[in-house]
Each structure stands twice: as structure tokens, then as C-alpha cells.
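Shared chain: chain A. Partners: chain B in the first complex, chain C in the second.
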Partner chain A sequence: MMALYVALAVGAVLFGVGLYGALSQTNLVMIMMGVELMLGAAMVNLVAFWRFLHPETYAGQMFVLVVMTVMALEMAVGFGVGTARFRAKGSVEMEEARELRG
Partner chain B sequence: MILAATAILAPLAAAALILALRRLPAALALAGTGAGLAASAATLLRVAGGASLSATLPGLPGLPLRLLAEPLTALLSAVVAVVGFFVVVYAVGYMEGEGGRVRFFAGMSFFVAAMQALVLAGDWVLLLAAWELIGLSSYLLIGHRHEREGVPQAATRAFLYTRTADLGLYAAIFVLVAHAGTSEISPTLQTGGAAATAAGLLLLVAAMGKSAQTPLQGWLQDAMVGPTPVSALLHSATLVAAGAILMIRTSPLLSPAVLLLAGLAGGATALLAGLVALAERDLKRLLAASTSAQYGLMLLAVGAGSSVAALVHLAAHAAIKSALFLGSGVFQHARGSTRLDRLEGAGRARPRTFLGFAVAGLALAGVPPLSGYFTKDAILAAAFGSPYAPLLAPLALAGTLLTGAYVARALGLLWRGAGAGGPVKGARWMGAGLAALALLAAALGLAVPPIGELLTGQELPEGALATVAGLAATLGGLALGWLVPEDRMLGPLRAPAERGFRPGGGLDALVARPALALGRAAARFDDGVVHAAVLSAGRAALAVAAASRLTDERGIDALVLSLARGTRRLGGRARELQTGLVHRELLLAAGGAALMLVVLTIGAAGT
Partner chain C sequence: MSAQALFTGFFGVAAVWFGVVVFRTSSMVRSALALLFSQAAIGAMFLAMQAEFLGVLQVMMMATEMSIMAIFMVMYMMDPGGLGEMEMTHQKRASIAAGALAALAAAGVAALTDWGPAAAAPPAAEQTERLGAEMLGRSMLIFETAGVTILTAMIAATAVAIERRRRR
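After this line comes the complex of A and B, so read on.
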């Protein structure tokens, strides 16, 4: 059981770091890094729960695969947006990107 | 019974078709009245053979409509059909080139249909309905040339007079039906006692109004403004005859007192209307006054207790008077007027028309062997034979004398004097109608008395004294009218006779003025009360509308607007959340997720 708690603790730390990163950074790339970390934490948790609580089912693994796909897509879309932004404005600083202000 | 119904339905269908198609009015009217004539004649033949036909039609609940073809009604129906047909034949010529032919022929057909319904009715309800319908159609036909001055007044006058007298019929029917418990005519005629007297008096009032008896005679002469065929039909077999027909049909009901009154009223009319006819300066008005007088003689015959004499005189008079009117219509077309001073010599210019006119006129006067001689003889004999002979016989004789006098006067005026007339359009049709009716007027004398006897089972009254006195009166009247100018004959009576014996406006004061005053009062009531009520209702509606507009503006509109304002303000607040800064929004998302986590945790702990 100890191992589960260790894994959960690692996941929590990862999530905290990712959250902090996403909130504190102003660069789009860095924000996405934070988001990646949070997703990674979620995956750690999922794997830990599957491995230590229900190793007989594969549903947990499936979830991880789904999250991984989402990560890949997020990367693709996010970097696409970043590239377009950079080309148009010469910067990906999110403090300057206020066009969507209501 | 279908035959008898055809007599009603054929002219009715013709009227409907004329109005619907609006073309060929004359041909349709001829076809309709001709079919009616054939049906009527067939009915008469079958009834004369001893059959009595009747039919019950569904009418009002509890008041079925009955048709009855017994000898009396079948004979009357035949009279109506014959006269109606020949008058329509004549009208084809008379109306050539005149306006409103659709209206005219539809009205004539409808008139004949309504009259057939009246004579064939076996039921008070149907009789009353037909009675009203002939009143309506005569109003329409008298007012045919409504654009001319005085015509609408004359039509209204005729309508008002007859309608006022009709109240008597209504009341009589109420009395009879309430007393006998059925609306069928024949059982109600067995009513006796006070109810019979009351109903008889009321019926007499109705008959006097329709038959233009003194003192209700004024309207008939004014009705002469209608086209001449209308006058011919009106006077001979339809509207005016309806009164006499009513008295003849209800004669078994009448008590001695009512009979005496009817006889006196008829006699007085024969006398007064005869004087009026003698003084008249217009041919058609002369004939109208003579109509009143002849129906007076019929009422006198009913009053003398011999309704069969009245019936045969009615039939003969129908042919005679329609022929006279048709002749006067030809003269009218030739000279453009019916004033006697303009008609002088018109007869000499058109000898064939004059022949027909003269035959009918002499028949009216009662010259043997023309029809009027036989019927007038019967009336005189009835008067001499009645219990009230001292009262009735002199009146009847005076009426006969006057008839001779005014007939001779009219003939004299038409024959003497010179002057040719213009050509007459449609003379062939007019001549055909006139010839047929004049022939009937001449020949009916041979046929009518035996027919009347056969049909009614009563003997025609006879009397040597009556015959001699009647002939003397007739010939004396004719000689008087031919030889003596009417001014000298009438003397001081001339002026009141020319005014139609209307003391102080006559019955106008009794009938027309109250009716008009009632109308004015109704108009005032309408203006004052109904109008005001309607206006105030409108004003109230406006006030309600204004109030509702106010609440709408102040209440509902305000509510809706404040809702919109609130929503917009809320939207403004919500907009401030949307900064466009990515990390700020991420923070919000994280905060929201944390909040959700807390809620879920609490929820999970709760279970």
C-alpha cells in the first residue's frame, strides 16, 4: 500500500508544480508545459490506481491511453496556435494577447 | 294534390328563375303562369267531378300547413290563374321597351303564386302567410316606377292601410285558433257564440282593408300609379279580391250582426265609391273606385246571406275588371296619359280596343246577356230576399244605378270627341290579353251561375222583382251617364266625391298619421336613446382601451424594460470576468475545479 501513497504523492507534487507553472508563466510554451505536467500527474494517478487497486482490469490503462492522445492533440493544437501567433505578432507572451477580452 | 300545388309552385318557380337568370323574364312568367293555369284548370275539373283534395305539408311544429282543393277554393284558384295568365300575356306587350322588366315579371309571377297559396290554403297559418305575401308583392308592384314622384308614397300608403287592417286578421285568427284548438280552417268555421261574433268582426275589418271598403278605400285609387297590368291583377283577382274571398270563405262563421254590418259596409261602399267613380277625372282612378264599389256589392251579398252570389260576382268581376284595365292600358299607351280629358275620342281611334272595353263595361253595368247581368241579378235577388231587405236592397239598387252611370260616362268620354293617338308598341300581345278577358267577361254569364250552383251546392237567389228593378236601374244608370253631364248629376256632391270622400284627410288621420308619428317617435327614440346608448358604449370601450394602454405602458412595458436592463447590467458584470488573459482564466478554471472538488468531497463524505 505504501507504494500507492508514494505514487499518489508524486502525482500530487507533479500536479502542483504543473498548476503553478500554468498560472505563473506568461509564455504560451511555458503554460503548455504546465498543462502537460498536470496531465502527467493525472496519468500517474490513473496508473497507480490501476496497478495497486484493480490490476485485473484494463480500463485504467485505457484511460491513460485516452489522456495521452488528448495530450498529443493538445500539443499539436497548442503549438499550432503558438506558431500562428508568433508569425503574426512576433511573440507568444500571453500578457499581450488580450484580443479575446469581453 | 300535386296538381293544386303546381298551381302555386309554377308561378313561384317562374319568379325565382326570373330573378336568378335575369333574362327572358316575359317568357318565363308566361310559362309559369301558363303552367299554373293548366294545373288550376285540371284541379277544377277533378274537383267538379266530386273529388276533394287536400294535403298537409310540414310547417311550424304543431301548425302544419294544409292545402285544400274543394269546390270553392278550386274555382277561386281557376279565376286567379285565368286572370293572372291573361294579364301576363297583356303585360308582355305593355312592358315592351319599359325598364325594370325583370323586377316586374318576377313580381307578377310571385303575386300570382302568393294569391294561389291564399285561395288554396286550408289552414289559417298558410292563409295568413299568403295574405302577407300578397300585401308585400302589391307594395313592390305598385311602387314599380319608384323613381316617379308620388309613387313611393302611394305604395307606402297602400301598404300601411292594408297592414293596419291586417291586424284584424291576426286577432281573428288568434281568437279562432284559441277557440277551436286547431289551425285548420274548416273546423274553426263551426265556432259559435261570442267568439264567432268577435272573430267575424275582426275578419270584416281585415276584409274591408284589403277590399278597399269605406272608410278604408282611399289607398286603392292612389295605387293606380302602378303599371296598368298590376292594377288589372290587383283589382280583379288578387289583392283586393282577397278581402271578399276571405268573407266568402268564412261566411258560415259570421253571425247575423256581423252579416248586417258587412252588408251595410258593402252597401255604403257601393254607394260612395260609385259617386267617386262618377266624379273621377282619371280613367284608371275611375276604375279603381268602381272596384271598391263592386267589392262593396260582394260584401253586401255576403251580408245578405248569399255568399254564392258574391262568389259568382267575384269571378265575373275578375274577368270584367281586368279587361277594363287592359283596355285602359292600351288607351294610356296611345295617349300617354290616363286623364279623361286627354283620352277623349281615344276609343273612336282604336275601335277594336274600344269594343273590348265596351263589352267589359256593359258587362260591369249588368246589361244582359253579358256576365255581369247574371251575377248582379243574383246579388240584387239576395238583397231583396234577405231579412234586412229594406236596408240592403236600396243600397244594392243605388250601386247598380251608379255602376251604369259611370260606365256610360267613361264610354261616352272615350267615344265622343276627336283626336287620334300615336302608334302603340306591343299592341298584339295587349290585344290578345284584352280579347281573351273581354270574351270571358261576356261569356262567363252563361257559365258562372250553373258552375257556382254546382260547386257550392247552393242555389243562386232569384226574384222577378229584383230582376226587373235591377234592369231598370242598370238601363236608367246607363242612360243617365250617357246623357247627363256628371256635374249636373252630382250637384253639390261633386267636390267631396272628387276628393274621394275623405273627411278631414279621411282615414289618413286614423291610419297613416299615427303610423308615421309612431315612426317618428321610433326615430326619436332611436336617436335619443339607442343612438346615445350605442355611443356611450363606444365611449366606454374607448375608456377601457385607454386604461389598458396605460397599464400596459406603466406596468407591463416597465416590467419588461427593467428586466432587459437588469439582464444587460448582469451581462456587463459577466463581461468583466472575461479578461482575455490566459493565465487569469486558467486560474478561474482551477478555482472552479477546486470548488467542484470540495463539493464532491463533501457529497461523498455525506453518503
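After this line comes the complex of A and C, so read on.
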């Protein structure tokens, strides 16, 4: 049971580090890295819950696959937006992206 | 402490350490490599927790994903080598506070909840077989939706990124 607590603690710290990155960075790619870390933390928790609490229910593993899909989608769409932004403005610095501000 | 907890903890500390390095280093290539190692350490944690299929999948996916990310980072960053010592952060104190608060809250819930006894893990071959049955049975709709969503995202990302030519 100790391993469950260890995994949950790691997931919590990893989520905190990812949140710090997503909030503090000014570059789109670095913000995406923070989000990747947060999703990684969510996966650690999901695997830990599946393994130690409900190993007979494979919906837990399925959920991890969905989170992996979300990570890949986030990368694809993020880089698509980044490429469009870079073509238009020559930078992916989010401090300069204020066009949508009301 | 069991060997499983020890290895889970070891790879967990590695994942957190490399996660911190991502935002500490000024070189973008090092930053991407640190994220790659962090995600690989998460994959190793899965292996330590006896989720073999997911562990191998995580390591394979992240190795390719982060290599692509490293190329994009070098392309898009103003100072990819970090030689200019550019400041690329904002609202640092608030971010540290938010991160620490989220980590403390999640760790608190994890530590204070009584999770009950740990269950035994099924053998690796059985896991893969039953996950396959789950994907092609009860979770078929989710699996198919994920596939269609990936296709949609691929088309959308290409459409957004493609260069528009002006009509004459």
C-alpha cells in the first residue's frame, strides 16, 4: 500500500511543478510543456488507482490511453497554432498575443 | 518499505527532478530533453507499478513526441541556446504559490484518505488481453471517438498552420 501513497505524492508534486510552468512561462511551447507535466501527473494517479485499488476494472487503463491521446492532441493543435502565430507575428511569446482582449 | 514502493519512489523523484529542470534551464534543447526524461521516468513508474503495457507505450510515445518538440522549440524560441539570458517568465511568485498550493492540496487528500487494502496485480499477459477486450468491447465508443478526434486534430492543425496564399 506504501507504493500507492508514494505514487500519489509524486503525482501531486508533478502537478504542482506543471502548474507553475503553465502559469509562469511566457512562451507557448514552454506553457505546453507545463500542461504535459500536469497530464503526466494525472496519468500517474490513474495508473496508481487502477493498480492498487481496482486492478480488475480495465476502464482505468483505458482512461490512461485517453489522457495519452489528449497529450498528443494538445501537441498537434498547439504547434499548429504556434506555427500560424509565428508566421503572422514572428514570435510565439504569449505576452504579445493580446488581439483577443476585449 | 517494499521494493515496489522503493522503485516507484526512485523513478518518481527522477520525474519530479527532471520536471523542475524543464523550467530551470535556459537552453531549450536541454529543456526538451529534461521533459523527455521526466516522461520516461513516469513510464518507468508505470513499469514499477506493474502496468507493463502502459509503461512501454508511455516511453515509446514520449521519446518521439519530445524529439519533435525539441525541433519546434529550437525553431520558435527567440534565444534557443539560452546564451542571451532572456527573461521568459512572468507572475513568478503567484505561479509558485499556485503550484505549491495545488501540490499540497493533492498530497493532503492522498495522505488523509483511507484507501483500503491494496489489490494484487494481474499478470502482464492477462492485462494486455483484458485491455484489448475492454477497448474492443465496453469502451469501443471511447476508443473510436479518440481515433476520430486525432484525425480531426491532424486536419485542424494542418489547416491552421498551412500558409495562405493571396488571390490575385
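Note that in this section the second predicted complex is superposed on the first by the 102 of 102 C-alpha atoms of A that agree within 3 Å, B and C clash if a C-alpha of one lies under 4 Å from a C-alpha of the other, contacts with A are read in each partner's own complex, and residues count from 1 in each chain.
Criterion: contacts are C-beta pairs under 8 Å (C-beta built on N, C-alpha and C of every residue); 3 or more make two chains touch, one makes a residue touch a chain.
Model, not experiment: these values are computed from the prediction.
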Partners on chain A (chain B, chain C) - clash or fit: fit
Touched partner set for A:E95, first chain B, second chain C, both or neither: both
Partner chain in contact with A:F15 - chain B first, chain C second, else both or neither: second
Chain touching more of chain A, residue-wise (chain B, chain C): C
Contacts of A:V67 with chain B and chain C, given as first, second, both or neither: neither
First, second, both or neither for A:S24, with chain B first and chain C second: both
Touching partner for A:A3 - first (chain B), second (chain C), both, neither: second
Contacts of A:W50 with chain B and chain C, given as first, second, both or neither: second
Lowest C-alpha to C-alpha distance for chain C against chain B (Å): 8
Those residues of chain A which chain B touches in one complex and chain C touches in the other: 19, 23-26, 28, 95
Contact set on chain B toward chain A in their complex: 574-583, 586-587, 590
Chain C - residues contacting chain A, complex: 1-2, 4-5, 8-9, 12-13, 15-16, 19-20, 22-23, 28, 31-32, 35, 38-39, 42, 45-46, 48-51, 53-54, 57-58, 61, 65, 68-69, 72-73, 75-78, 88-92, 94-96, 98-107, 110-111, 115-122, 127, 130-131, 133-135, 138-139, 142-143, 146, 149-150, 153-154, 156-161, 163
Complex interface listing, chain A residues touching chain B: 19, 22-26, 28, 31, 94-95, 97-102
Sites on chain A touched by chain C in the complex: 1-21, 23-30, 32-34, 36-37, 40, 43-44, 47-48, 50-56, 58-59, 61-62, 64-66, 68-69, 71-73, 75-77, 79-84, 86-87, 91-93, 95
